[in-house]
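Chain nomenclature is as follows: A, B and C, assigned in order of appearance, with residue numbering initiated at 1 for each chain independently.
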Amino acid sequence: MNELNFVNQLSARGYSRRDFIKFCTVMAASMGLPLSAGEKIASAVESPTRPPVIWISGQGCTGCTESLLRTTHPTLEHLILDMISLDYNETLNAGAGHQAEKFMHDSIEKNSGKFVLVVEGSIPTKDGGIYCKVAGTPFVDIVKETAKKAAATIAIGSCASWGGIPSAEPNPTGAKGVKDVLPNATVMNIPGCPANPYNFTSAVAYFLTYNKLPELDSQARPKFAYSRLIHENCERRPHFDAGRFAEQFGDEGHRRGYCLYKLGCKGPVTYNNCSVLGFNDVGSWPVKTGHPCFGCSEEGVGFHIPQFVEANLQKESLFTPAATPANIEYQRGGNITATAAGLVGLAVGAAAGAGIVATRRLKSEEEAGNQ
Amino acid sequence: MTIKRREFLKATAAGGALMVTGTQSASASTAGEHIPPRAVGILYDSNLCIGCQACMTACKEANNMPPEHSGQRDTWDNPLDLSAKTLNVIKMYREGEDYAFIKRHCMHCLEPACVNACPVSALVKDRETGVVTYDASACIGCRYCQVACPYNVPKFEWDSPFPRIQKCQLCDHLYEEGRYSACCEVCPTGASLFGPVDKLKKEAERRLQMEPGKYYDFPVNHIEKGKTRRHEAKRYIPHIYGSEEVGGSQYMILSGTEFSKLGLPQLRDRSYVKDLEGIANTFYKYLIYPVAAFVGLAYLAKKRDHHE
Amino acid sequence: MSEAKPYGGRVLTIPFIVGLLVILVMFGFLVQRFLYGLGPVSGMNDGYPWGLWIAYDVNVGTAFACGGYAMAILIFIFNKFEYSPLLKPAILTSFLGYALAGFSIFFDIGRYWNMQNIFLPWHANVHSAMFEVALCIAAYCLVLLIETAPPFLQKFKLNNIEKKLNKVLFIFVALGMLLPTMHQSSLGSLMVLSGSKMSPLYWSQALPLFFLLAALLLGYTIVVFEATLSGVAFNNPSELNILKKLSAIIPWVVGIFLIIRLQDINARGALDAIFAGDLAGNFFILESLLLIAALALLIPAKNRADSRKVFWGAFCALLGAGLYRFNAYIIGFSPGNGWHYFPTTPEILITFGIIAIEILVFVWAVKRAPLMPFPGKKSQA
């Protein structure tokens, strides 16, 4: 039996091909692709000509890798990763040290122009990038060198996408995202802290199927996951629209699950699909547990704007009407200030006064004239 | 035999009722001035409206209008009424348990008072589509259009040193792209329906014939695109608002609640434009009277000169 | 008839300086209007887009300025040449009134830089009542300017120009009687269009006729009012006798006006609106009471021999007719839907400034130009 035969691998782990197709169909749907794309994805994943993936880590916490491991379509994920041939990942490598490095360099040479580079963690650039070195080489140089030979580069996590937590003020190491270090390369960002693993796997499956990256927005994030604000898909949105807010942790509103906007929720300024997809396969995400979103995936929001500063509502999402429309009629205009009323009175008085004075003099003049 | 007679009577009564309402709506469709050849408009059905206000958001987006904050917090776009920032507004009528929604914006009248009023032709009625449009480059800001409009539609930018008039223009800037009024594009129930005025009128009449409680197919978004949605018909006030009021308009309204309760003014059929045109024609047609008067007065003035 | 001559004397009196201060305040608020828009400075809103400036400065102001028009009709059509001495100051008041109404329009309209569009054929909408008003008022301002010129041409010793002008003056006199007939009635036509938003007491298809009658009435009464005041101020009782004759005409106009109005309201079945107790009804009663007071004061011939009763009678008619015109634009106009209006302090002060300009220029003209005959005074250079 050919160990690498996909169908055999599936059955060995107790999954029928039909289950696999179903999975690919769901993945297609989550990317906003037509259901028929599920078949295409399936055949792409099965195909033996899948490129290897080199996964390098910089100034990171490895949370994104851990996140990926927490996906509980268990064996299927491992299958996909296996079949993708994850040639190098510092967390998952069997070997270590020089042996691991050699394996990576060999794979890069052998698959030059065909492999997918995944970068996790931010890239320090200050002082020649000495604040993160792997095997003696500054990480910034590793990224530049490796990306040159890659077919595509994926930045997983906020750190790799735009600098993440190391880039918080005062950013002592000059931490930057991949796109800032590789201005001319084709980079796809999957921000998040950690990134939602399904955003990553879906994007990779898309790439395998269509041999190109999915549609990206102006910050190189896949639109299927990052085109809407958290606020647009939040389950507490009706509370926002109706003006029901939690004012403090533990208060009545908080217990009732009201909107967390006043507690500094950054949902209105953060693009991601956490509210839709959820994490850990139980659909949980911060707001659901009662903690306001802090915008971990959004550059300029996460780790930059303090938690309890209210989000500055922007135009696109936001200005939707409140839950209750306007009444048919309102009283407005016509405020009478005391000064204004006084002036009107003054005018009337002056005219009357002029008249009275005039007629008095008229009387005396006429009497003088008659004499 | 008895049964047959009863059935016959029932049928006659029903037919008679139909004829009465039928003639009512027929008369509604013959009212109104010259309707432009490709007149487009909107049919709004208050019975279908759920007050979701998607039309308001779509209008703001399509016309690049800013949000309007009437409450204490600036978290929503919640205008109280049409304004210089809001071209389309949903309002809610409430009385006890009773409620209904109404969508207010420019009526695009067949005899627009604003068009007659404007001294510089900043407001004009398109000859083909009948859309009443506004041209700020011509406008002098005299606000006569605001005085003239029976529906209080045109709004003014009071807080700007370079103020414009703002009103709905049926999204005519989108027609080129093959789109239509944004409010109708997003309406989920078909309450706001776009299309040629004659087709909308027929649809309105069809609805007035519907039996309350029965389910029918209602067109959604654009009456010619063929999409429909199944709804239960509710009781309608037997009148199409806008079919006759001050000469008729291209925005028509159906409702189960009395129109006056929804804030719609009760207007006569004859437009006030006709009254003014009558006066103008009587005194100024071809300037005959003014010229004759001038000649006579000049004679008298010259005579006085000699007398002096 | 004695010759017109300047009154002389000091122009910069205390009241004059107070007037200058009021004008200064006006300009301050006008700066605010041009920098920040109409909203911050006035109480006008989307329900009441026309406020004090249109309803008073333009609407009532031009009617007050119909002195010249009203007098010209008497003199030229009815050959009442004895009224001639009243003509020149009336024309000056007319010119000032119309010019200041034009100035008020300039700062009231929102997009003043497009003002010339009214006169451009490719923009002008000849069906618009506002177009007719604007064109007619502009033409009349020119006519008034020319008619006002003679005393000032004399003052500045431009006698040749004055002679040439006098030869063709009759054309302008004729225009000066035609144009106000047209635009004063059209000011009423303007409000015909908003019939659905007007009280039945103030809307009618005969609005142009009522506005014209009111303009005539205001023309006669303003002449009496202003001639009495200036006669007292400048120690010139000679004109008072002419005024007594003029006051005989006023009750006729008041009477015709009242009768036609009441019948018009009756014909539309709206008589009970008078006592409805609302704003429109109450102001109708006020304006009618003022007009009836004028009738009571001026109908008895004995009263018309008394300058005081003449003055008060004319004043009541002035207020009544002026109030009518104002009511037709503001009080009788109710857009519904919860809208209200009251002018703000800056709005009122700007109007005070306009009135101050009118009075101050008139006073300066009486003192410095040969405007009125002063029999007791010697001619001054």
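Going forward, a contact is a pair of C-beta atoms (placed from the backbone, for glycine too) under 8 Å apart; a residue touches a chain by one contact, two chains touch by 3 or more.
Nothing here was measured: the structure is a model prediction, and the numbers come from that model.
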{"item": "Leader among chain pairs (count of C-beta contacts)", "value": "B-C"}
{"item": "Middle chain, criterion being Cα centroid separation", "value": "B"}
{"item": "Euclidean distance of C-alpha centroids - chain A vs chain C, Å", "value": "67"}
{"item": "CA centroid of chain B to CA centroid of chain C, Å", "value": "39"}
{"item": "Whole-Å gap separating chain A and chain B, where each centre is the average of the chain's CA atoms", "value": "43"}
{"item": "Multi-chain contact residues (two or more partners), chain C", "value": "45, 47, 337, 339"}
{"item": "Per-residue multi-chain contacts in chain B, two or more chains", "value": "81, 263"}
{"item": "Junction residues of chain A - those touching two or more other chains", "value": "329-330, 332"}
{"item": "Interface residues, chain C side, partner chain B - complex", "value": "34-40, 44-47, 49-50, 75-77, 79, 81, 108-112, 114-115, 117-118, 123-125, 127-132, 134, 169-171, 173-175, 177-178, 181-182, 185, 189-197, 205, 208, 333, 335-337, 339"}
{"item": "Touch list for chain A against partner chain C, complex", "value": "329-337, 339-340, 343-344, 347, 354-355, 357-359, 361-363, 365-366, 369"}
{"item": "Residue numbers on chain A that touch chain B, as the complex places them", "value": "240-241, 243, 261, 313, 315, 318-322, 324-330, 332"}
{"item": "Residue ranges of chain C in contact with chain A within the complex", "value": "43, 45, 47-48, 228-229, 232, 235, 237, 240, 307-308, 311-312, 315, 337-345, 347-349, 352"}
{"item": "Touching residues (chain side chain B, partner chain A) in the complex", "value": "51, 53, 56-57, 60, 66-67, 70-71, 73-81, 89-94, 101-102, 261-263"}
